[in-house]
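Below you'll find the structure, written out as C-alpha cells, and then a few comments.
Going by the order they are written in, the chains are A, B, C and D; count residues from 1 in each one.
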Amino acid sequence: MNKNAFCPTPPMGWNSYDYYGTAVTEEQVKANARAMAEKLKPFGWEYVVIDISWYAHGADGTDQNYFYLPFNTAELDEYARLQPDPARFPSAAGGQGFKPLADYIHSLGLKFGIHIMRGIHRQAAHQHLRIMGTDTTADHIAEPNNVCRWNPYMYGVRNTPEGQAYYDSIIQQYADWGVDFIKCDDICNTDNLNDHTELGYARKHEIEMLSSAIQKAGRPIVLSLSPGPAIIQKSWHYAKHANMWRISDDFWDEWPLLKDMFPRCEIWQDHVKAGCYPDCDMLPVGRLGGGFGRERATGFTRDEQRTMMNLWCLFGSPLMVGAELSLLDDWTLSLLTNQKVLAMLTPDCRPDQIRRTEDEAVWVAENQKTGERYLGLFNLSDQEREVAMDFGDLWPETAQGEELWSGEAVPVAESRLAARLAPHASAVYRLS
Amino acid sequence: MNKNAFCPTPPMGWNSYDYYGTAVTEEQVKANARAMAEKLKPFGWEYVVIDISWYAHGADGTDQNYFYLPFNTAELDEYARLQPDPARFPSAAGGQGFKPLADYIHSLGLKFGIHIMRGIHRQAAHQHLRIMGTDTTADHIAEPNNVCRWNPYMYGVRNTPEGQAYYDSIIQQYADWGVDFIKCDDICNTDNLNDHTELGYARKHEIEMLSSAIQKAGRPIVLSLSPGPAIIQKSWHYAKHANMWRISDDFWDEWPLLKDMFPRCEIWQDHVKAGCYPDCDMLPVGRLGGGFGRERATGFTRDEQRTMMNLWCLFGSPLMVGAELSLLDDWTLSLLTNQKVLAMLTPDCRPDQIRRTEDEAVWVAENQKTGERYLGLFNLSDQEREVAMDFGDLWPETAQGEELWSGEAVPVAESRLAARLAPHASAVYRLS
Amino acid sequence: MNKNAFCPTPPMGWNSYDYYGTAVTEEQVKANARAMAEKLKPFGWEYVVIDISWYAHGADGTDQNYFYLPFNTAELDEYARLQPDPARFPSAAGGQGFKPLADYIHSLGLKFGIHIMRGIHRQAAHQHLRIMGTDTTADHIAEPNNVCRWNPYMYGVRNTPEGQAYYDSIIQQYADWGVDFIKCDDICNTDNLNDHTELGYARKHEIEMLSSAIQKAGRPIVLSLSPGPAIIQKSWHYAKHANMWRISDDFWDEWPLLKDMFPRCEIWQDHVKAGCYPDCDMLPVGRLGGGFGRERATGFTRDEQRTMMNLWCLFGSPLMVGAELSLLDDWTLSLLTNQKVLAMLTPDCRPDQIRRTEDEAVWVAENQKTGERYLGLFNLSDQEREVAMDFGDLWPETAQGEELWSGEAVPVAESRLAARLAPHASAVYRLS
Amino acid sequence: MNKNAFCPTPPMGWNSYDYYGTAVTEEQVKANARAMAEKLKPFGWEYVVIDISWYAHGADGTDQNYFYLPFNTAELDEYARLQPDPARFPSAAGGQGFKPLADYIHSLGLKFGIHIMRGIHRQAAHQHLRIMGTDTTADHIAEPNNVCRWNPYMYGVRNTPEGQAYYDSIIQQYADWGVDFIKCDDICNTDNLNDHTELGYARKHEIEMLSSAIQKAGRPIVLSLSPGPAIIQKSWHYAKHANMWRISDDFWDEWPLLKDMFPRCEIWQDHVKAGCYPDCDMLPVGRLGGGFGRERATGFTRDEQRTMMNLWCLFGSPLMVGAELSLLDDWTLSLLTNQKVLAMLTPDCRPDQIRRTEDEAVWVAENQKTGERYLGLFNLSDQEREVAMDFGDLWPETAQGEELWSGEAVPVAESRLAARLAPHASAVYRLS
C-alpha cells in the first residue's frame, strides 16, 4: 500500500478533545457524527476521531487538571491491548472493542479515528501480561524509565522483534475494528532528555513500527503524529512513514498561538505534498470545553477565526474541528463550509510565503493543475493596518482579486492589491 | 528573471581553492580553463571559478596559515568595490577588472565564476570611501563589529537603502565583467553570536540584497552560498534567493568528512529541485594543495572517490572539481567523465534514502521524466561488508541492475540485490 | 543541629558498590567492616556504606547489565518504606530493618551508612500504600512521570506537606536503625528534561526535605548527594543542606576519568569547607567487580593510584574505598594508610590550583591552622615530563620539599622545585 | 604584591558613565572629585573613575546612540598606547597623559581610576604601530576578527610574549600617571562565539596579562572586570587575578534589573572575600544622563534605592555612584552616608540568603570579627506585603532589631521579626 494514497488531500474531520477532554462517551460521539453527516459532510468533512483516555477507568474530563488520574487502572485484554472502557462505551462490552461504534460511523458515510499514546500501558508491564504471537511478556518490551512528560500511562516499547509484535497486534486489532485514522501521541516530538541520542526524536523506531504494522494490517489507516513541534531535520522521515505531523504544541483559542503559527508555516511551506501534511492542529471554534467542566464559546474573534481558516487552507493543513458539532451555530457553520476557501485545500496548491514581519504576512498559492491563484493578506498587528501585495515580479498580469469571504471583487492597480484590515484580520483572494 | 532557470541542472565546474588556496594567477586560471575545455566540457563541466582573495595584495596561498595576511591592503576602486590584484591578474590593469579574463573563458565555450566575501572591505570603511549612486560613505554602511569568524577582510553591510546600493554597484560591475557564477562566502551559515537574533542566519538581509541586485543587473548569475552547514529551518529562504547552498563546513579528502556527508544528505534529500541545490562542496581529487606549498595527491582511496561521486550524483549536488586540471591523471579523468553516473545528476531524479546506519547506507533515485531507476549501496564501515537492497515493497518488478562503474549486470533474486563491498566502497546500479 | 559538625573532616570509608554492585549481603558487609576495623580504622577510615538495591527482590549484581531487573518487586513496609531484602540481610527479618547490622558495625567502632534513591518506590504508588502520619496514600505524593534516567524503581515525591511527611517517616526509621550516613542518589544532578524549570536541579525541594527530616530526627546523619556533576550555580544550596556532593558522573578505574577530575577540582577549589565537601567519588582500587560477575584488579597503574590519592587529599575530597577490603593487598593497604598524605585531608588545608594545561597540573595547599604547606606536581600527559613549581611569587622562602610517598627530601634551588615524572605520575611534597 | 591587600573592603567611589556617557571632560571630573572630597569622603568614598572613550576623538556622549562614532580616530602615542583626548582633557597635552589630573585627585585625598577596553586599538593595527620593548608591530599582536560585540574600537591581543609586552607597556604608563583603579571592559564575560573554545571566557589570557602587568608595574592598582554576568565556573580565576567582577550586564534605574540582582547575589553569596568582590554595578541614583543629552532624576523610587543599598551592603558589593555629585540632593546624600548601613560593607560580614521567592527575599550577615549580626527583609512583589524572619534555628537568642534607616527598635516575639513593607521596599536591622 502507498500510504500517500490514504489521504490525497488534507484530512478534514472532528476530534473529541477540545470539547470533551478525556471524558467523551459513545452517545456523544454518535451525536457528533450525526451532526457531521448532516451539516458538514457535503463540504468534505469525514473523520470522527475519539481522543485520549477511552480505555482509562474513571476518566471524567477533569482528570488532566491533576495530571490525569493518579495511578488509575485501564481496560486491557489478556495481550496487553487497550480496550474501550465499557462504562463510557457500552457497545464495547464483551470484547467487541470499537467495532460496533465504527460500524455506526461508517453507516453514516463517515470515517472513524482514534487517539493512541505511543507505547504499552504501565499496568501491562507491572502485571507481566503476554504479548500476542510471542513468548515474551510486557515487562520485557517496556522501557521502565521511558514515560511521557505529560501523561504517565505508558512505557515506551523497545526496538526489538517482540516490540514490533506488540505494535502489529494492536494495529491489527484496530484494523479489525474498522479504524480509518490513528492519531498517535507522544511520538512526533518527544522532548525527553532521558534519551540523549536524538533530542526530540528519540522514538523514531516506534514511528517505523507503527508504519510497518499498518502496512501489514493491510487497511489504509491514516497515521497522524503528535505533539509538535515536529523536528524539521526529520521532515523526510515523517514524510516516509506518516500522513500528518503536528508543527506546534497544542493549539488553543488564543491569539498569540495563532500568530505563532505563521513562523511555523513559514518553515514548513515546502513540505506539503499529497499524503504528507504538516499539521497546524485543531480548530478551536464554536462551543468548547464542556467536558472539562468549563463550557465556553471560542476565545477567537470572528476575524481571528477567518485568519485561521485562511492560513490553514492556504498552507494546506489538515482541518479538525474541536467544536461540539451538535451545538454548532450558523456563523461557525458558515466558517467551515465556505467552498471557495476550502478549494485551496489540496496539495496541488503550492503555498509560498511572500513576506512576514511582526506586523503582517502575505502568502500566495498556485494550483499546479488548475492554474488557480490565491492571495492571503494578514494583519498580525494589534492596530488597523493596510497590507498589500505587489505583483510586479511574480504575476504581473494579475487584474483583480475576488475576496472569498465577502465575494467582493478588488481591482489591481499598478500591479498592487491592498486591503485595509482590522487587527488580526485577513483577506483571501482568488486572482484573475 | 526566474533564478531557477539559471541552472536547470546542478552546476559542474572547477574551483581554484583546493589547489591554489588564495594565490591563483591569471595564467593558472587560463591553463585550467583550457584543460577543462579540452577534456571535461563534453561531459557537462562548464564553470571556471576563482576563489578567495583575488583582490588581496600579497596573497600567496600560504597566508591562511596565519589567518590571512595581517592587516594587508586590497585593490579597491573609488567606490569601495574590490578589483583583481593586477600583480596576479595583469589583464585587470587600468580598471578592466575581470572582463578580459571572462572574455577568454567565454571564448572557450565555458562560464566564468568568482568568489566574494559578504560585506564591504574594511579598508573602504576606514578610508570612508564613497558608495556609488549615494551620498553616503562606506563607514556608514559598514557594521564595525560584524567581522567574519575566519577571515577579517570585510565588515557586514547594514540593511539600509545605501547598503543595497552598495550591493547593486558591485553586482552590476560583475555583470559588466561577464561573471556567470558568484560563490558568496560567510553568508550561508554565519555562526556568529555577535548577532543573537537568528543563530547562524543573522545575515539573511545580505542574501536578499544579493538576490535583488542580480535581478536588477539582469544577467543570469548563479548564486552559490557558503559556508555550511546551511540551516534547515531556512531551506525555503535559500530556495527562494539562491541556487546552491553548502550543507557542510569545508570538505576535504578525509574519510570522516565523507562519511559525515551521508547524514547531511539524509536531512536535505527532499530539498533538491531545479535551480535549488543543497551543495556537498568541492571534489578534492587529483593533485591538490600546490598553492599552499604542499602539493599532494588526494588522500581519498579510489573506492572513496567513487563513493563520493555516487553520493553526490544520486543526491543531486553540484560538482566542483578541486584538482589542478592540467595535472589530471587518467584515472581521475575517468572518475569525472562516467556518463552513466553523471546521467543521475538532474533534479528530475528524486533521491530517497532507504536506510542509513553507522555501517551502511542505501539510496535510490528515480527520474520522474524518463522513469530510469538507480540504486546506490554504500559500505560506511571499516570492514568488508555485504550491503543489500530488498525491492519487495518499493519496486517489486526489478529484475537486474547494471553497475555503472564496472558495467557488470547483477541479477535480482528473491527481490534482493546485494554487493560485497570493500571498506568505504560502494556500487551504483541502473535498474531494469 | 549544625550539620557541618557532623563531619568536620572529609568522610573516609568503604562503599559496597565497586565490588558488589547491587548484590551485597549481610555477611559480606560484616566481613568488610571487620577488615576495616582491623587494618584501616587507625588511619581515620570509619564509614561502612551499603549501596543501591538492598530492598530489591532478586538483585544479584548483574541486574544492571539489563537496566536493573525488569519490573521486579521490593521489600516495603505498610507505610511505603523500603526494608532490607531478608534474603540477603537475614537479620532484618521480622521488621528489624538494618538495626542489627548497624549495631554490629557500631560494635566495631565504625559508622554505618546506606544508599537510597530519591523518591518513593513505584510499587507503593501502584498499591496506594498509606503514608505514615497522614491521611494520604502514596499515589498522591508520587509524581508518575518523574522517573530516574538510569534506575526505574522510584517516583519523585511532590513538594507538599504529605511529601515531607514521607521523608520524615523514612529518615526517622533510618535514625532508629542507627544509620550515620546517607548517600542519596538521583538528586544532585537530575539531568531530566521532564522538568524544564531548573535544568539539572529540578529536585531541589527533595534535598531540602531530606535535610529538614534529618534535623527533625535529631541524629547526626551525614548527607551525601549523587550523582554528579553537581551544578556550580547551586553550590550555596548544597553547602546549606548537605555534607558532600559529587562533582562528576560515576568514577571508575580509567585514566580519562581521572584526568578529567582535574578540571572538576579546578572549578570547585574554593568550595571546600568544614562539613561541605565537593566529592570526587569512590577510589576504585584493589579488587573490584566481583559482585558483577567479573572480578578484576583495578585498571589503574600504581602511578595513577597515587595521582588519585594526591589529588583527592590536596583538594579535600571524601575518600570512599571501592575495594573488597578482605582481599586488600599490601601495596593497596600502603596506598590508603600513608599518614603524611592523609594529613592534608582537612578543610583547614585550603587548596589552590596554580596551573593546569592538557599536560600538567600544579596544586598547593596551606593549612590555615598549622601553617603546613603542600605542593603537588602532576604529569597529565602520556610522556615522561618534568613538572615544576616556581615559588618566587607565592612562598619565596621555601627551602625544600619532602616527597610524601618516597620520603625523599628535594632542595629548592632558584625558588624552583621540579620533578621528572612518568606518564600520569605525580609527586606531593610537604614544604619547609 | 598581594592584590587582595589593594582593597581590603569593597571599593567605594564615583564613575562618570551614568551621567556623562562617553563625553566627560577634565573640568567635570574635577568638579565631581571636589564634591566627593567634601561630602562623601568621610564616609569611605574615595575612587574617582573616568569611564569609556577618554581617547576617542569627537566623543560627545550621544555617540553610543549609533554604536559609537563610525570609524572615528583616537589619540595614540607612537607605541600604540591610548592617550587622553586633549580636546576634553587639556592637561594631557604634550604627552602628560592623565598624570596632571591624577595629581589633582590625589591632592584631594582621593584615588584615581580609568576605564579601558580589553585589547589594542584598531587604528594601531591598521597603522602597524610599534609595540614598546619589542621588534614587532601592532598588526602582529592584534587578532583581526576579535572585536567586541558592543564597541568596535579594539582588537583582542594574542597570547604571546609580544602581547604581554603591550599590556606591560600600557599598565606601566598608567602606573606612571598615578592610576589607582582600572575598570577593564569586554573581558569579564566575552559572549563572543568567534572563539568557541570557552563560551563567555575566551579572553582568560588577557585577564592574566593584565594581572601580571600590574604586578610588574609595582603599583597597587585595583583591577575591576566588566561586563557581566561573570561566569560562575571561573570564580576561582577571577578571585586569583582581579579585585572585582561584574555579576550582571549593565545595571540601570529600572526595577526589573534590581529585582534580578537578587538571584545573582544568591549565586555569588559564598564568593565575597577580602580583595575579591562580585560586583553589582553602579548605583544609578541622583541626577543621571546629562551627558547623553537626556538629563533626568533616577527612575528608582526611594524605597527601591534603599532596597538597592541594603542588598549591595549586605551582600558586600563595591559601591560606585553614578550621580553627578555636584548636583547631589540632600536625600540622595543621606542615602549614601548612612554609617550604620555602610558598616556592613566589609568582607568580615558573611552574607547568607535565607530565602528567596518571586515575592520576597531574606538575607542575614554576620561579622566574623565583631559578631555584629544583620537582617534584611525585602518585598520583591508589587503589593504591600509582610516579610518575616524566624530565628528559631539560626540565632534563637535574638531579642530585637534596630532598623538602620528609621532607627526604630523592633522586638522579636516568638523568635520572629516581621515587617510590613511597601512594594519593592525593604528593611535592614542590626540584631541584638
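Just so we're on the same page, a contact is a pair of C-beta atoms (placed from the backbone, for glycine too) under 8 Å apart; a residue touches a chain by one contact, two chains touch by 3 or more.
Just so it is clear, the structure is predicted and the values come from calculations on it, not from any experiment.
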{"item": "Count of contact steps on the shortest path from chain B to chain C", "value": "2"}
{"item": "Contact-richer chain pair (by C-beta pairs counted) among B-D and C-D", "value": "B-D"}
{"item": "Interchain centroid distance [CA atoms averaged], chain A/chain D, Å", "value": "55"}
{"item": "For chain B paired with chain D, centre-to-centre distance based on mean C-alpha positions, whole Å", "value": "50"}
{"item": "Gap in Å, rounded to a whole number, between the CA centres of chain D and chain C", "value": "40"}
{"item": "Two or more partner chains touched - positions in chain D", "value": "none"}
{"item": "Category of the chain touch graph - line, ring, star, complete, other", "value": "ring"}
{"item": "Touch relationships between chains, expressed as pairs", "value": "A-B, A-C, B-D, C-D"}
{"item": "Complex contact set, residues of chain C against chain D", "value": "215, 232-233, 235-236, 239, 266-267, 269-271, 353, 393"}
{"item": "Chain D partner contacts - residues on chain B that touch it in the complex", "value": "67-68, 70-71, 125-126, 128, 139-140, 142, 144-145, 147-152, 191-194"}
